[in-house]
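Each structure below is given as structure tokens.
Two complexes follow with chain A in common, the first pairing it with chain B and the second with chain C.
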Partner chain A sequence: MNFCSMDFILFAIILAVLYYVVRPSGRWVVLLAGSLVFFAFGGWKYLLYAVAMSAVFFCAANMIDKINDRQSQLDRKQDKEEWAQLAGKSKRILVITIVLVVGNLVLNKYFNLLGELINNISAYLGGSGDIVLWDIALPLGLSYYTFSGLGYILDVYWKRYRSQRNYAKFLLYIVYFPHIIQGPIERYGLLGNQFFDEAKIRFDGERIRNALVWMGYGYFKKLFVADRISIFVNGVMAEPKGTAGSIQLFAILLSAAWIYADFSGYMDIAKGVSMIFGIEINQNFNHPFLSKSIPEWWRRWHMSLSSWWKDYIYMPMATSLRFISTCAKVKKKFGKNVGKFFKDAVPLLLIWTTTGLWHGTGATYLAWGLYFSLIFICSVTFAPAMTKLLQKLHINADSKCFHLFQIIRTYLLFCVGRLLTVPGSLRYTGSIVKNMFTNFNVNAIFSGSVYEKYGICIQELGFMFVGIAVIIIADCIEEYKKKTISQWVFDRNWFVRSVIYAVVIVAIVVFGIYGVDFSMEGFAYQDF
Partner chain B sequence: MKALKILGVGVFTVTLVVLSLFGLDYVLSDDTRSFARLIMHELYEQENIDSLIVGSSHVYSGLDPAIIDKEWNQNTFSCSTSAQRYDTSFMLLREANRVADIDTCYFEISMYSTTKDIGDGILAEICTVSDFLKPSLDKFTYMLKAVKPEDYINAFCRARRNWKSIYSLEEMKETVAKKQKDSYKNYETVELKSGEYKGKGFIDFEGELQNAATSVKGAYQGPISDDFRDCLREMAQYCRENDIELICFATPLSEYTLASGGSYDDYYMQAKGICEEYGVPYYDFNLANPSVLDIQDSDFRDRTHLNGTGARKLTKGFADFFSGKIDEEEMFYESYAQKQEHLTKRFIGIVIKRDESKEYCQITPIATKEDDYQYEVYYEDENGAYVSIQEKSSNLKIKMPKKGKTRLRIRVYDSQGNKVAGFVKSI
Partner chain C sequence: MKEELLKLLEEEYPEVDFQAENLVDDGILDSLTLVGMIGTISMEYGIQIPYEEIVSENFNSLDAIAALVERLR
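This part shows the complex of A and B:
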């Protein structure tokens, strides 16, 4: 069920009414039923898949928790052997679960890619090449609930909190519909208990108003901005031949705005919908376009994924005794600088390569991961040299001009990453780069008729830029005035507030990209 | 207090949104050429309607209520619109019955509408009427049922459907200028391409059917849909409850359309059977006896619509038949096959289609009687000259000189060697 469909809006309204009709102690049951219905709209088999995966997490976490209980009753020094046995058992359960669920994710995401690769190699070597590929779509929300479940089981293993003993309550954490399609990847510790906090889930008109503002802003980002840009970007990418380099460059630059408007738009809708039920979900974006460096960008972009990756992969790896001793060996053998480089670079390389492969299969996403790991490594390695260089050139690193330069530079570096993935293949990326140098034709950007070839008219650009400007202004307000956009709106007087609401509603309803003449665009991150 | 304040902002916002939508609709939506607007306005002006006719474009181009009024000495109103769906016809019947007490409803059913499901509808088919229906719960429920959920906003908000007009300041200015004219405000007649709106839901069209050659078979579209069946049942029940006599009828289609699509009787028997099931009489003017109602090709403006001359003929026949001046046996054959037996020998047209390989094209002759017809075929070369590709022959599978689009000239001769028809067709 697409968040932008009328079905979803009707579904959300009906669910909200039912939610508040029921007594607070039973509201979580309504949410669970609603989430299961939401899943079922995507297909019964995906619902069963999610229920089964949840059962795996639930059982494993409870087994580990029981072992933790028994361990806590032991004296580590006196009952050393039993303690070690229990630790080993707990670790085995954890490892088996991780292998199972990660294997399942990898199989779902990469089976066809690997099969195709093996078939091609086999055919090249004269074999039959007859691995049968799966004709299935990736189960709805698989990545997101796999990560949520893994985080949960690791937290239980690390004794950060106790496991949930009620399967239905745990299932709600996994399948809670606002975050299941594109995240954010919620931690059990933050989300799991909110469903049962009767003080939080009581009806609150002000909160509902707040929620509607978030949803309205999200729909504006998605339907007015993102889907409008996507027509142009997809149109340009669908015409590999005969397109001027300047237009391709323009499309790549816009594609960054598109992915932000699309993804953050979804998050705002999800946040708003969740707020209606009194459940707060994590912020997934913190104005990434105002970042001054790529590392900062990734701390502000898809924050729940970055922090998940950091907490459950990067930190365990970087702080593991085995890795620390390896770094020490490298340092001893190759010197201090190489040792430091090794310590910084290896985890980053691993993190970014896997992040790339999570985003998509194939060489483009591998290249994307390597590209960002390279930028991260460079920014860590050359940071001291850069500081010295700025001092030498008498550049005030705290000046507004320099910040603006950094913001633009970061945006362009992000766009290079987009250039690697948006065209769909590295060969096409190469041809675009070549085209930018051999057939740039800057006049094409100013030629109205050119845009019609890519599905829009030049006046559409006006709408696009108005939309982008609204998002930038809203981000600046949030960043520099330290207010959320909903707070900023509520601070206006009633007349201005009403005008803002009306303008946004009319912009979405009348000028949004949906319905007749347009195919319903899914959200960019929903297929992960 | 706080709740009241929130409510106040909400009400003011809704008011602003509604006003904006009306304003945008005024500048973006050009309905100055819509005669459906005039028809609906006229409908709401009626104080009494004795006979209501509902149906598609076949009705507004085929029946002139003014003639019926003269013949019957009563008030007849035709609430027919382009591609009107059966559920829309039912909606219009209910609306008209609210406005004026209806005695009889003549419901046009054709194989083009009755074979479709409600879900097959195109939004424009619904909005043609719904844009001008007054707001009511009935309208709301009709639209919820008729429109697909993804089209709700487009259906209810006309400005949304025309939002692209905002890109042309000229177009908006022109729309506003046209709407400010008295003729628009007073619901005076609209300009139409090849006809003139005469009022009461009748358009007097010019033009004659030309060159009956097509690559599309005309008639029978498929079995009558269950949705139509349900709609007719509900309509019959509504009419019984409201003391309205419901009569179904079909307007004539050209012989070409009827003969080119297989057995028209398959459709006719189904339609008649369903109508009988719900106790509704059904009269199909395609089965009219030419000695009573003689509709020729020249009475059509295209393959399915009558022109003004045809409309006057049909209206007279319609009025005479339903007033009892002509009885059923005299007016109608029992089946289309029976009618064909009585038709004089005539070559009507051809259906011409390329096969899948694009190397050949297949000609299917359409004639009232079988004969050993001969075909001369030419194609137009790059210089615009016609080059022969088949001498006079009964061969119907023609080898094409090239795979791309070609213009063909086909001459048809009867078994006596007389030229009976000639067609030019791009294929």
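This part shows the complex of A and C:
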């Protein structure tokens, strides 16, 4: 069920009415039933898949928690042997669960790619290449609930909190519908108990008004801005030959705005819907276009994924005894500088390569991962030298001008990453780069007929820029005035507020992009 | 101990002011620096910092880091 469909709006209204009709102690059951129905709209088998996966997480976490309980009753020094035995048992359960669920994710995401690769190699060597590829779509929300469940098990293993002993309550954490299509990846510690906090889930008209503002802003970003840009960007990318380099460059620069409007628009809708039920979900974007460096960008962009990757993969790996011992050996053999470089670079390289492969299969995403790992490694390695260089050149790193320079530089670096993935193949990326140097034709940007060729007229282009300007202004208000956009709206007098509501509704209903026969464009991150 | 630790960290991360308070909470130490720092300290003092100990309270100030190292030595 697409968040931009009438089915979804109707579903949310019915669910909200049922939710508040039921007494507070039973509201979580309504949410669970609603989330299961939401899943069932995607297909019964996906619903069963999620229920089964939740059972795996639930059982594993409870087994680990019970072992933790027994361990806590022992004295680590006096009962050394029994303590170590329990620790080993708990670790075995953890490892088996991780292998099972990660294996399941990898199989679902990469089976066809690997099968195709093996078939091609086999055919090349004269074999029959008879691996039958799966004709199924990735189960709805698989990546997101796999990550949420893994984080939960690891947190229980690290004794950060106790496991949930009620399966239905745990299932709600996994299948809660606002976060299942494309995140945010929720931590059990932040989400799990909110469903049962009667003070939070009581009916509050002010909160619901706030929620509707977030949803409205999200629909504006998606239907007025993102889907309009996507027509142009897809139109340009569909024409590999005969397009001016300047237009291709413009499309790549706009594609960054497109992915932001699309993804953050979804998050605003999800946040608003969840707020109706009194449940706060994780913040996934914190104005990334105002970042001053790429590492800062990734702390502000798809924050729930970045922080998940950091807390559950990057930090445990980079601080593990095995890795640090290897670093010590490298340092001893090759000297201090090589040791430091190894210690900083290897985890970043591994993390970004796997992040790239999570985003997509194939060489484009591998190159994308390597590109960002290279930027991270450079930023860590050259940070001391950069500090000295700025001092030598008497550049005030805290000045507004320098900040503006950093923001533009970061945006352009992100766009290089888009250049690697948006065209769809590295060969096409190469041809665009070549075209930018051999057939730039700057005049094409100022020709109205060129835009019509790629699906948008000048008026549409104007709307696109107005939409982007609104998002930039809203981000600046939130960043520099420290006010959420809904607070800012509520601070206006009733007349201005009414005008804002009217303009947003007209922008969405009259000027929104609804696709051919009103078939909504899917969200960019929903297939992960 | 504290001076020795400060010298080690300043040499490796001259851009960070380790004398400040709330190193982690105020974002002075980002995760990249924190991870690198943990590697440096572990190698220098031959200790293992368990993942459960990697929490902001143990890295928020030079005093806290020194106390952690003393405890794990």
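In this text, the second predicted complex is superposed on the first by the 523 of 528 C-alpha atoms of A that agree within 3 Å, B and C clash if a C-alpha of one lies under 4 Å from a C-alpha of the other, contacts with A are read in each partner's own complex, and residues count from 1 in each chain.
As a working rule, a residue touches a chain if its C-beta (ideal position, glycine included) is under 8 Å from a C-beta of that chain, and two chains touch if they have at least 3 such contacts.
Please read all numbers here as calculations on a predicted model, not as lab measurements.
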| item | value |
| --- | --- |
| Which superposed partner A:120 touches (first chain B, second chain C, both, neither) | neither |
| Partner chain in contact with A:85 - chain B first, chain C second, else both or neither | neither |
| First, second, both or neither for A:391, with chain B first and chain C second | neither |
| Chain B versus chain C as contact partner of A:316, first or second or both or neither | second |
| First (chain B), second (chain C), both or neither touched by A:331 | second |
| Contacts of A:502 with chain B and chain C, given as first, second, both or neither | first |
| Touched partner set for A:511, first chain B, second chain C, both or neither | first |
| Contact footprint of chain B on chain A as seen in their complex | 5-7, 10, 205-206, 209, 457, 459-460, 494-495, 497-499, 501-502, 505-506, 509-511, 514-516, 520 |
| Touch list for chain B against partner chain A, complex | 2-3, 5-6, 8-9, 12-13, 16-17, 20-21, 24, 123, 149-154, 157, 159-161, 163, 166-167 |
| Interface residues, chain A side, partner chain C - complex | 158-159, 295, 299, 310, 314-316, 318-321, 323-324, 327-328, 331, 339-340, 343-344, 347-348, 376, 379-380, 383-384, 387-388 |
| Of all residues in chain C, those that touch chain A in their complex | 12-15, 30-36, 38-40, 42-43, 48-49, 51-52, 54 |
